[in-house]
Structure formats: C-alpha cells, structure tokens
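Before anything else, here's the structure in question.
Order of writing sets the chain letters: A, B, C and D. Residues in each chain are counted from 1.
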Amino acid sequence: MDKNAGAVGFIGIGAMGLPMATNLLAGGFALRVWNRTSGKTEPLSAKGATAVRNVADTVTPGGIAITILADDAAVESVTLGDSGIAARLGAGGIHVSMSTIAPATSERLAAQHAKLGSTYIAAPVFGRPENAEARQLVVCTSGPAAAKERVRPLFDAMGRAVFDFGEASGAANVAKLCGNFLIMSAIEAMAESFAMAEKCGVDRNQVAAMLTKTLFASPVYQRYGEMVAAKRHTPAGFKLPLGLKDAELVLKTAGDARVPMPLAGMIRERIIAGLAKGRDEMDWSALALGVLDEAAIK
Amino acid sequence: MDKNAGAVGFIGIGAMGLPMATNLLAGGFALRVWNRTSGKTEPLSAKGATAVRNVADTVTPGGIAITILADDAAVESVTLGDSGIAARLGAGGIHVSMSTIAPATSERLAAQHAKLGSTYIAAPVFGRPENAEARQLVVCTSGPAAAKERVRPLFDAMGRAVFDFGEASGAANVAKLCGNFLIMSAIEAMAESFAMAEKCGVDRNQVAAMLTKTLFASPVYQRYGEMVAAKRHTPAGFKLPLGLKDAELVLKTAGDARVPMPLAGMIRERIIAGLAKGRDEMDWSALALGVLDEAAIK
Amino acid sequence: MDKNAGAVGFIGIGAMGLPMATNLLAGGFALRVWNRTSGKTEPLSAKGATAVRNVADTVTPGGIAITILADDAAVESVTLGDSGIAARLGAGGIHVSMSTIAPATSERLAAQHAKLGSTYIAAPVFGRPENAEARQLVVCTSGPAAAKERVRPLFDAMGRAVFDFGEASGAANVAKLCGNFLIMSAIEAMAESFAMAEKCGVDRNQVAAMLTKTLFASPVYQRYGEMVAAKRHTPAGFKLPLGLKDAELVLKTAGDARVPMPLAGMIRERIIAGLAKGRDEMDWSALALGVLDEAAIK
Amino acid sequence: MDKNAGAVGFIGIGAMGLPMATNLLAGGFALRVWNRTSGKTEPLSAKGATAVRNVADTVTPGGIAITILADDAAVESVTLGDSGIAARLGAGGIHVSMSTIAPATSERLAAQHAKLGSTYIAAPVFGRPENAEARQLVVCTSGPAAAKERVRPLFDAMGRAVFDFGEASGAANVAKLCGNFLIMSAIEAMAESFAMAEKCGVDRNQVAAMLTKTLFASPVYQRYGEMVAAKRHTPAGFKLPLGLKDAELVLKTAGDARVPMPLAGMIRERIIAGLAKGRDEMDWSALALGVLDEAAIK
C-alpha cells in the first residue's frame, strides 16, 4: 500500500476513532475525515486531515474507507444508498469496517459491496480508548485475502497485533463478539465473587489483587478487576448502553445459529437493570453494581 | 522453622498431596505421612517419609500437621475427636489446613483447636497437580500471624507465592472460593462463546488462541481455553464432582452471607447436568460439554 | 354493528384464523377472506365467504379488517403501503389486529392508520386452535373506545370474554405478552419439578394430577401439565418457533422499558436449545424436553 | 381409628399447627400437645387438649404422634434419641410427619422408626394458615398402607383432600416440594410480567385480574397474583426465610437425584437478595420485590 496513493477515508471520530485516526496521521497516511457531528474532526484537521461535509467525499473511486461507528445502523447508513461510500468506492475500492457489529450485517454489507465491485473487510478491534492511543489495539480480520493484504499497513499503524479469521465476511465479527462476551462474563463473575468476599469480611481489593496477579493475570482481569473491586465505573471507556448493544448482538447471533447462551442472557438482564437505575453514562463494567444492589452492599 | 526440629505430619496423599509432600521431602523436611487408603504413601516412604497407620501418629505435641483432603467432612474427621490431630497437637501445635473447604468449617476447626491450645491456619492452594509438581502453587493464608510465620518455609517449599488474608480463620478459604468460582465462570463463558463461533462457521480453536494470547493471556484461560476449545476433558486434573462440591461451597458461603450469586447458581445446575450424563470421571472443565449438548454440537 | 352493512375483511387463515373466521360466518357475518397461500381459504368459501386475491380487496372504505397473522412483519406487510389495507380502509375504517405482536408495532401501525383516517384496535387473543373452534377465546383489547364498541359483536362471535386495557394502542399486546410469558414459565417450572419427581422415583403423572386438581386447577396448568407430564408435544397447537418469537417479543418489550426479566431470558435460551435439537415442528411446550435432556431422563 | 382409643400427640403449635390441632379437637380427637415455647399451647388447652412438658409425653406406646415443625432439624430433634417420640411410640406406633422436609430426612426417620417397631408416614400439607383454619388443606401421603389407613380420619378432620404417593417414605415430600417450587416460580413469573406491564404503562392489577380470571384461574395465582400486583407482602402467611429453606430443599433433593433445576437456582438467589435487604419478616411472595428493585419501580 502506497501511503501517497491517495487519502484514506476515515468515518467516525468518537472515543475510539479519534486516537485511531491520529495514529494513522502519525504513521504518514493522508486522511479525509467525516463525523456525524462535525466539531469532532477539528483535532484531526489540525494535524493535517481533510474534513469533509458529505460522507461520500471521504473516499475516492478505488480507494479505501475505514468506518468505526456506534452501531450497525450507523455503518449501514454511511455505506448504502446513492450517497453512501459503497457506491463511491466502486471497482477496486475497499471498505474496512472496524465497528463492533453483527456478523449478519457484515454479510449484508459485503454482498452490497460485491454488487458494486468494491470489497468489504471486517476488522473489528479490541481495546479501550487508551489502548487505541497507545497503538495497542488487537485487530481481528476477515474477508478477501488480497484486500486484507492491501490494507494491512493501516492496521499496523493502529494496533499491536492482527488475527485473521479467513474469508467469510462476518467471521471477524463473530470473534469480536466472543471476546466482548468473555469480558462481560468476567465482570459479572468478579462482581459476584468480590461481593461474597466483602460480606464475609475479606478485603475485596486484596482478593482482586491476588487473583489478577496469579491465575487471572491478564489485561482484562487487571483493568476490570480493579474497577469492580473499587466500585468505580466512571469515567466510561465504553458506556453501559453499548454493553447492552453488544450483549444483544451476541444473543441475536447465537440465537440465529441456534446456540443457547444462558450466561449471555443473564448478563443482558443485568445490564438492563443498570440502565433502569440510570447508569447510562457509566462504563459498561457498571453492570457489576447490580450485584452490590442485590447483596445490599453500599 | 527448624527443619530438623521434628517431622511434619502430612495427611492426604492424593493427586495434590503426593507432589506437595514430595516437594517438602525434596526441600529437606522430614515427614510422617498418612492416607485413608494406605498404598498411596509408598512413593513417599521410598523417599524417606515415615508412613503411619493412625492419623494422630503423624503429629507430635507442639508440632505441625498439614491436611490436604477431599472435603470438609474428611478434614473434620481427621482433626476432631480423641484420636484426631487436634488433641495430639496440643499447646503450640499448628494445623495447616490446605484443602478447599468452607470458611465456616475453618472457623469451627479453629475454635476447636483454640480450646486445645493448638493453632489453626487456613492455607488453601491454587494449582492443578502439574503445578504442584512444579512447585508453582499459589498459597492463600489466614490465621494467627506467629503461626503463619513459623510454617512459612513449608509454603516456600511447595509454592511460588503466598498471599495473606489476615487473622480471621476462614478468610483464606473465602479467597480460594472466589478464585475457584472465577475459574468455573470462565469455563462456562468460553464454552458458550466457542459454541457460538463454531455454529457460525468460525474455527473455535482459532478464537480461543486469539483471546488467550491477548486480552485473556492468563494461566486459567490458556489452560482451560485449550481444553474447552478442543472439547477434551480427560484426563481429569480435578474431577467434576469436586467442581460440584466447590460450587456448593460457594453458594452456601454466599447464601449465609446473604449475597445472591446467580452465575454460581447457574453453574451448579450445569455441573449437575454433566453428572446426570455420567461425566463423573472427567475434569471439572467438562461442565463445558453441557453447552455443546444444548447447542446440538457434536 | 350492522352485520349486513358490508363484509368484514378477514386476513390470515391459519390454525387460529380458520376457526375464528368459521365462527364469524356462523354468527352471520359476511367475510371477504385472504391468505398468503390461497388454498387455505377454501373451507371458508364453502361456507359462504368470498376469497379475494389481493389483500386490499378484503376491505371496503370505512369498513372493518381483521388480521390474525404469524408475526409483526406479516401484519405490517398487509397493512402498510399503497396496496395495504390501511390505505383502502381510509376514513372511518377499523383495523382489528388480533395477532400476538409487539406493543411497539401496534403503536407504529396505529400512527399510520391515524394519518389515513382509519383506526387501529389491538385485540390479541388467548386460546389454542381448539379453544378458537369452541368460541372460547379470551380477547384483550386496546384502542379508541368508539371503534372498540363498533367491533364488539365480532369478539362476541369468536370468544367467551373481552378484557379491555384502555386507549393506548399497544396496551392489549402488553397484556397478551404477559400471559404468554406466564404460560412459558409454567411449562418450565412443571418440567423441572416433574423431572425431580421422576428421578426421585415418584410418578410424574400423579404429581401433575394432584397439583392441577388443587393449587393449580386452571386451564393452562391442566392442559400443559398433562403434556409435560406425559412428555407428549405433538401435534403442535402452537409451534416452538412461535414460542421463540413470543419470548423475544417479551424480552424486547421489557428491555425497551428497562425491565430485567431473567426468567424470560432463561426460557428464550431453553427454546433455542429445543430448536437446535430440531424440535421446530413440536408444540412450544416442547421446551420442557430440554429439562429431560439435561437430567438424562428418557 | 377409634377416637377414644387414646390421645393423639400433636407436636408443633405454630401458624399452621394451631389451626390444624384446633380442627382435630373440633373433630372429636383427644390431643396431648407440645411446643418448644410453651405459651403457644394455651389456646388448645382451653379447648380441652392436654399440654405436656416433655415432647415424649405427647405419645403413648403404640399410639400416634403428629409433627408439624419448621424444618428438618426440628423434626429430627423431637423424633430421635432416648427422649424422642420414636423410642416412646414403639411397636405399632405411628409418626405422622406433616412438615415440609427433605425426602431424604423422611427416609432417615422412617429407617429409625422401623428399627424401633414404629411406622413413619410422610404427610406434608398444602395450604396457608387460613386454609388450615378452614379445614381446606391438601394432604399428600406416603408410607405403609395400613398405617395410612389408620390415620386417615385425622387427615379428614384437617383437610379437604388426600393424595397418596405410595409406600416410599419420602415420596409425599417430593410431591410437596414440587408444589412449593411451582408456587415460587409462579410468583417470580408474575412479578416479572407485572413489572413489564407497569413500565409499559399498563395497569398491573388489571393484568393480574384478567389472567387470574381466565387462563390462570387457580387458587395459587389468585392469592399470590393479588399480592404481587398490589406489592403487598405483609402480613406473612409463610415467611421469606422459610421460602429459602424450601428452595434449598428442592435444590438439594434435585441435586442428589442429578436433576438440574436452573429456575429453582434463580429463585434461591432471588430470595437471598430479599433477605440481604432485610425482608425476613415478610411473606415469601416478597421475592417479587426483587423484580421491582431491579426494574427501578417504586
């Protein structure tokens, strides 16, 4: 991929998109950026990106567009239709879809792109905003091999590792949902166990520290373990309503594939309880507060 | 602690006890060993341990006894009564209780010891037989400080780290139950997510590999992730009925403390399903097979 | 309502629609009937109904249309658009929507009707095909009072009782979902308890008989209790995939209203397991078979 | 059974025992009564019963003793040992055990009685205190046929129906646990559905009324439906901690028989949440309040 071959379209300048685009600029890529609410693009313009008014203007025929947006509907709305990026990309163009969306949505989008001669690559990422800033994202990919190879330098500028799941359009989205579900499950499990510790008179922070230094010495347990143990769920790296979205994507995907996931079902209800109690602005790890409520722990 | 001050009593020569006692012998400790079924002590006798017929003969007044047995009842039966180790240990004696048992059982045993002048230390361990062999156990301790200090060299000969949870008799048992519950939860979560992956046409081993190399790069996820992904649950490092015992200890302890643990409840039922299907000889990770059954995956 | 004022449109001649329409004919109402697959209307034509080819032809401007279809999408597809019944009904027309659909769908449809001058009445029914035949349906209604009064004679010709839930478009649908959820819950509860009885050596049929003659002497427990006790789930009165549809309507409706329903979540997963095992043609009470599977009961 | 053949021992004068004993007196039976706290027997003494100080004095050799106590431990404590009723009853004596206890406890007690020549009959009852007063209890029986026949007049004086489950000692207890579990499940299901109704703007009392007049027109749904709909859980007919005891009896019995009961597990955790919040003095239907808490309904 020739960095000078033309600007890459970058669509979605949110908590994740901003540091990701910043790293692309730092890596020498020219960007044409767009966000639904336009003010968000300013920090990128200041670093040399070109902000455009219409989403289709981010891309050039045969070029590359990256989307990192809140949900399936947002990705579909910028992609499809006469003023969408698929029509503009056309033959030889590549849409790198980095949002956490349903595998079925990826399949639908891939089919649309195929009709127009462009290629769809699913490339959802693991990591929170601070990981994005630190170029420490983990990228999962799926889609046609040649296209994945062409866009690989972009991933290297944003993340620390790329895992490929083959050619099926939605495969990387499945892998991403697996991971997000494991994170939620770990939060619920830690919340329950630390609540037991606390009401048995044992220091919950000490339990968290012991477990996350030994058996569970991994990034997810360390980061979320500290939050759950400390009962601290602000500021949000990823808000609770997005957790609901992901739990529902998991349940829908699994349901369509006829896979019962009772733990996923339990977690969805836990998140809904948190939203019923007005925790919309908290981090998704705030699902853990439901355990405290039910155990009557302050 | 003077290694030559008298043999340490070592009670329970099972899958865990054997490598632990072996390491104590290798570390220069003299041992008097006992097992309910006596043949099990032979490998230790061959390395210099003295096998005794009556459990009380493992200990000398004022000495040290280690128990590592299958359940609460077994620990109580060797400890209490006229022919139990508590009566024999007497003033200055220490009982190092390394089994996974209820915090309430530790409290009861500690109270009995106190009446007889001896001291009870809870010191449950994390690790499977291969970790015990490799001196890689993680030891959690609680009980009177002076006694913990005296027996510390024993832990150093068997494990790689000691985490202390203070003076309350059952505190270390609570921490141990927290950890075991997190392991079961991780198994269930992985089982559900890998089932989703498989029925969506994504390679479950690849998903497991990606997740356990990145976000979940920890011993528990790596070991159990590989087993769950490969649907391989024999040979057993820790059998499924012991998993039921632990799930029930968690639920009893949490219930008594008025902490609802719906995920623990769900996992207990999952384990019971596995036992209903005759998986008694499998590893406790075989609870994952229930997910495959329900998803009609071979 | 003048029975001779013009034919009523009747849309959806399935397991429920056929006996309902038959009772309307028997009650003296003229009907213009339509079904997606046209052969189904023949028994009604034989009794005097007029079968039409296009769904809009079932209705006359200012007239009445009844829909009793499989799901939300089906109701929306016959209602909306230029060739839908809403456009044809126009000012003064009434759409009596008797399917089990989401309250939100009723609200959307009511709003569309309002724009066109017609009125939408939600009127979902409780009862299985045999109850429909016996004119024993229970009808729940909501919507504008005048319209409900005008169509009341139709309900009297099809059911044994009408319960009104006020003017809000979706209120009757909420009540219907409450009832369907209680039925599913009762099936799951009976399945679990009868499994316990059986494996404890107690006759499950005898337990079912005792309970449904005393504390649970109600139609739902008697009918489903007999099926669950006998492990007999064919022929289907209401197929398992429809049970999934209803469980998902409950979860969506409750989720949008921020009401966690963990039992509904558990039941959805139970139904999915049944579908994974190929029970699509069985009655929805076949969710009970999942309990037998997990308990390893034949 | 000859009413004049000697007084019947009646042990346990609580919320249920008092009206049951009162009805026996009214039916012409002579009673010797005992309660752990002795004041409770006064209303019965006033009606002709003989209050005794030692529980064994309630019975005569070869006579009949009825126990209706809070839990398994209480029944065992009055039955076993030198000063227990089993030793006193001796050859030809009958112990009619009417408490809700584990089937396994019945088996253990039956075996003890058999050794002493007496007979154990399990005869747990369905009904709340007001049903006991109204002689409307439902009695489930199991045990040796001749003994059941001899004590039958007692049941007729206390209840409206007797259902027999054969000769196995614990069979009637299994049936009783099935029923209690169905009640708890119905409470949870109603609580969830009425919460959905309320947050969707539909009158929860109206939904309850409709359902309990039609599909769920049975005593349990009518009584508890009204309580759950009205959010009124005092005064207690059966307290929440007794609900926990019963849920745990169900789980223990099912677990030992290798029957997974995920709904029972969920309900246990729900009850524990209620107790964590201090609802110990409320009716067991107060488990429904947990649903309101989680949905943030007042």
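Throughout what follows, a contact is a pair of C-beta atoms (placed from the backbone, for glycine too) under 8 Å apart; a residue touches a chain by one contact, two chains touch by 3 or more.
Quick caveat, the model's predicted, so the values are computed rather than measured.
Minimum number of contact steps separating subunit A from subunit C: 1. Two copies of one sequence, subunit A and subunit D, touch each other mainly through matching residues, since over half of the numbers at the interface are common to both. Of all chains, the one whose mean C-alpha position sits at the greatest distance from that of subunit C is B.
By count of C-beta pairs in contact, C-D exceeds the other of the chain pairs B-D and C-D. Centroid to centroid, with C-alpha atoms defining each point, subunit A and subunit D lie 54 Å apart.
Averaging C-alpha coordinates per chain places the centre of subunit C 38 Å away from that of subunit D.
Within subunit C, residues 254, 258-262, 266, 269, 273, 276, 294-296 each touch two or more of the remaining chains. Interface residues of subunit B facing subunit A in the complex, by the touch rule stated above, are 103, 126, 138, 140, 161, 163, 165-166, 168, 170-171, 174-175, 177-179, 181-183, 185-186, 188-190, 192-197, 199-203, 206-207, 210-211, 213-221, 250, 253-254, 257-264, 266, 291, 294-296. Considering their complex, residues 262, 269, 273, 276-278, 290, 293-296 of subunit D touch subunit A.
If you check the complex, the residues on subunit B that touch subunit D are 244, 248, 251, 254-255, 258-262, 265-266, 268-270, 272-273, 275-276.
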